[in-house]
Amino acid sequence: MVDLKNPYVQVTETECPRCLTVMTREAMIEHKQVCRGCGYHFRMPAAARIHLIADEGSFVEMDADLISKNPLSLEGYEDKISQAQKKSDLSDAVVTGTAKIDGRECVLGVMSFQFMGGSMGSVVGEKITRAMLHGADTNKPVILFTASGGARMQEGIFSLLQMAKTANAAALLDDLKVPFFIVLTHPTTGGVTASFAMLGDVALAEPGALIGFAGPRVIEGTINKKLPAGFQSAEFQQEKGFVDKIVPRNELKNTLSFLLKTHGGA
Amino acid sequence: MVDLKNPYVQVTETECPRCLTVMTREAMIEHKQVCRGCGYHFRMPAAARIHLIADEGSFVEMDADLISKNPLSLEGYEDKISQAQKKSDLSDAVVTGTAKIDGRECVLGVMSFQFMGGSMGSVVGEKITRAMLHGADTNKPVILFTASGGARMQEGIFSLLQMAKTANAAALLDDLKVPFFIVLTHPTTGGVTASFAMLGDVALAEPGALIGFAGPRVIEGTINKKLPAGFQSAEFQQEKGFVDKIVPRNELKNTLSFLLKTHGGA
Amino acid sequence: MDELKNKLEELKDLAGKNNLDINKSLAEIEAMLNVGKDSPTWEKVQLARRLDRPGALEFINLICDDFMELHGDRYFKDDPALIGGIGTINGQAITFIGNQKGSNLKENLYRNYGMGGPEGYRKALRLAKQAEKFNRPVVTLIDTSGAYPGPEAEARGIGEAIAQNLKHFSLLKVPIICFVIGEGGSGGALGIGVGDKLYMLENTIYSVISPEGFASILLRDSNKAREAADIMKMTAKDLFEFGIIHGIIPEAPGGVQNDPAYTAEMMKELILSNIAVLRKKKPESLIRYRSRKIREVGHFTESAREEQDLFKLFTRLFS
Amino acid sequence: MDELKNKLEELKDLAGKNNLDINKSLAEIEAMLNVGKDSPTWEKVQLARRLDRPGALEFINLICDDFMELHGDRYFKDDPALIGGIGTINGQAITFIGNQKGSNLKENLYRNYGMGGPEGYRKALRLAKQAEKFNRPVVTLIDTSGAYPGPEAEARGIGEAIAQNLKHFSLLKVPIICFVIGEGGSGGALGIGVGDKLYMLENTIYSVISPEGFASILLRDSNKAREAADIMKMTAKDLFEFGIIHGIIPEAPGGVQNDPAYTAEMMKELILSNIAVLRKKKPESLIRYRSRKIREVGHFTESAREEQDLFKLFTRLFS
């Protein structure tokens, strides 16, 4: 279970990779893990994210007990999972639950890049799907924060098929007209991009987030040259028509609140 | 009323604008007004087109008595209409009716560029709309052959709003799942392109037909240079994703017959 | 007419003093009375095209308590020439869509002078469909000389994009209220102009082609734009007399740029009063009425003939 | 197993002599029995990738009496890497969609080696929606190393396009039957791979990443592709044992390229027999069953917990 009593336990003193400003742990927490110097948005652990978005004490976690199996009997996969669990304090790469935002109920899911690069295996696929179906079932809008390097290859074909599973849940949400909002955070790539992450009614993104299907290195391998700066950034994706709005982290809660308020007529 | 007893009365000896082959009237009729030398597809009068596509004797014209008024009280418009009527043997720029193709019933509409450049005013808009609604009403697939320079400016705002009218009819056809097939012939531009011509379930085009919204000269005026050869041709539009298939004139009836056969399950 | 206007003013005062909320219907009456005002067509063409005329975003900000712009067509790009998003008026959520020209050269270039490409019209359709899904009314603000007549727009199907909008807006199951706020130019205007109600601001125009284009093609003299503008009957008054628009919204003396808030207030009231009425209709009667209105436009003669019965079709549609 | 096969052959002969049309169900039995065949994974990888292996269009022409290819996504272009159209089998109309690699260098380049861009997947969706509208079943033929990982595909939203297909195919109200006919590579394969039934040809593969990619990322040695292929469990037999595919379709000795008609005939029979059964289901039960199948895939543990009841959701959906 995600520990919301200590939402910032994973936050540490950090140097900004863009402007080299050093932020103390306290400054990181105070500035919502956004660089004081240049506005760079650091990756955020799931607990801190929930603390930032959900009304105090409103988050109730769902499906915290889902644990990955090893369907390919791949050597070392169980160990990797255990290590990731220890490192992140999470059972897998997504935390889901119900929450309130400015008093309005919703289903909230937050992916964590810290857990094996936010990769989507059976557990992530199942939890995301259950969260969406819970929203469909109870008519609560669904908000998902994405952060993922793609499919979890260690689970082979099963990880690929999680894309179909989450997209099917998104289809049901859509047909039932339950609002579905996506917040794309750094980075969101691979199978997550090619499934539920691109299926929201409204797609928000954090500034500078990398968003794409193929990763930059794969693309560079295809064309045998460097990509221009900013390729696949949130700003690029807004210009290309795939992101509704880029929202700095300190405005995120207000923006989500506005969306919940204006999607109540369904 | 269109004269189907003499469908080729408008056909004359012609020189091919592309390869300069001269075709006698008889050769024109025999080759379906396609150049023997280079395959150039000449414009086809409505009567000849109907004769080519509909089963012998099956075409029953609708709304032949609609005649344009002069809503802007524009000087000379009535004269222009009369002249066009004499020249083309048509009452306005489209002929509509019911027909059979290889025994299958359908609604068939054929525009004629010969009548004031196939421009769409109130009569064209109304006849196209009625044809589609008749298809909707009787569950008969609708086939429309387009040929138009755009809206009929002499009718001002009324000509513009025919676009909305025909598109609304297309929307009703769509919702009722009645098949709607478009055949784009040379040239199809302006308001016809930006309304029913682009709303078919399947869009066929004759080889070499010019298809676009803004005409080539307008576009060249915008960018102040020449357009490349083939810009806005049927082949270009297929490459750009807006035409399902380019069908030479002598295969058109078979292709439409196949479409009618495979869209019977609605 | 003037007398009627004075009475209207008195009535308004009285209503205001008594805290009566009759403004909404007054705005409608006013919009219709305003038809009387007249000035040469060419003057209106020039006013409609003024660079300092407020655009869609300016009106939206005056009309709404809060507005969130949404970007992108989900296919190719975000078109700055055509904007849209969700606004609230008195807490009520409404989807706004509008052409946006920009008000200085830099903005003009960024927004391609309000000449939308296929991406703009596809964004508009996406937002309209989103509005329908969540039962939000749609307001469109028309202000363009036309869709962009360039090779990229052609290659990406500007004709197809406009056609889809005409089709889908005509059966959209939520109220749509359209305003011509500046230039209503041809298919580019109509592409966001199909709805239940259509209003024009006092000094705006709406036509199938620009007066310059009409002059050069039909009068064979591109210098005769002024004359063409008269012949074409493109002012709010003309279109009201044709029965094509539902009312004319007053502008401040000299043009709306002199007091945008005055006109925006009228628009806001019209939006609220129309939504209140249209919301009460079932979706099927809403789109049946809209379709009938679209069907009615046109001038022709014919031998006596039974009018096709749309009712039967719609009954099938909703059975 | 061999005995069973012999019996099957005898049964076929008998049925043939008596003019009995039991071939359809026999094809299904055969497809399931065929699971027994086994050969090294790497051999299958190589067979699946052979240049002379028949592609989607070749199979379609063998399967159909008649076929009309339809082009274009209606947004940006026609993608030759992903083809589709309407075919007939015994007069029955079916929509076909497939990856197309091309069988020589010129064709490979024209078809981008079967690596579809967003336009290909959007064309596929358009054709699938058209099939749904006219109540035509859909058959997809999967044969791609993956979607195109180039900058243009990224800029035009390859991820979004695949996502939309996964979403809309999963609730499409007509039967969908999918075949892996060569390489089933990642999202590019899945993008036309969501359906009611999934079959693999005997010498095909289906995986989340290429063995080369798996080797270089997880085994940290790009030369270990052969080893990776075994670890990944990507053959028809593997996927049948996982319960992910419904059957394995035999190929001629040495690979399907040696006798495409033999395999095409089996596919044709499977298409017809499956359609006959799936057609009888109401659309709501069809997509409920499909959704349940999609939902089931995954391996994890949890404390005892009630399974979420999809039935209730679907009841709302169709009420």
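Just a few scattered comments:
Just so it is clear, A, B, C and D label the chains in written order, and each chain counts residues from 1 on its own.
We take it that a contact is a pair of C-beta atoms (placed from the backbone, for glycine too) under 8 Å apart; a residue touches a chain by one contact, two chains touch by 3 or more.
The shown structure was predicted, so the numbers you read here are calculated from the model rather than taken from an experiment.
Identification of common neighbours of chain B and chain D yields C. Two chain pairs, A-C and A-D, are weighed by contacting C-beta pairs, with A-D ahead.
The geometric centre of chain A is 52 Å away from that of chain B, both derived from CA atoms. For this pair, chain C with chain D, the centres built from the Cα atoms lie 48 Å apart. In this assembly, the C-alpha centroid of chain A lies 40 Å from the C-alpha centroid of chain C. With centres set at the average Cα position, the gap from chain A to chain D is 31 Å. For chain C, the set of residues that touch two or more other chains comprises 74-76, 156-157, 160.
In chain B, the residues that reach two or more other chains under the touch definition are 174, 240-242. The list of touching chain pairs reads A-C, A-D, B-C, B-D, C-D. Looking at the complex, you find that chain C touches chain D at residues 74-76, 118, 122, 156-157, 160. Chain D meets chain B in the complex at residues 66, 68-78, 86, 88, 93, 119, 123, 130, 133-136.
If you check the complex, the residues on chain B that touch chain C are 63, 65-72, 74, 122-123, 125-126, 129-130, 133-134, 136-137, 151, 153-165, 167-168, 170-172, 174-176, 190-191, 193-199, 212-214, 218-219, 221-223, 227, 231-232, 236, 240-242. For chain D in complex with chain A, the touching residues are 147-151, 153-160, 162-164, 166-168, 170-171, 186-187, 190-191, 193-194, 206-209, 214, 217-218, 231-234, 238-239, 242, 244, 291, 294-295, 297-303, 305, 308, 310, 312-313, 316-317. Listed in rising order, the residues of chain B touching chain D in the complex are 174, 177, 179, 201-202, 238-245, 255, 258-259, 261-266.
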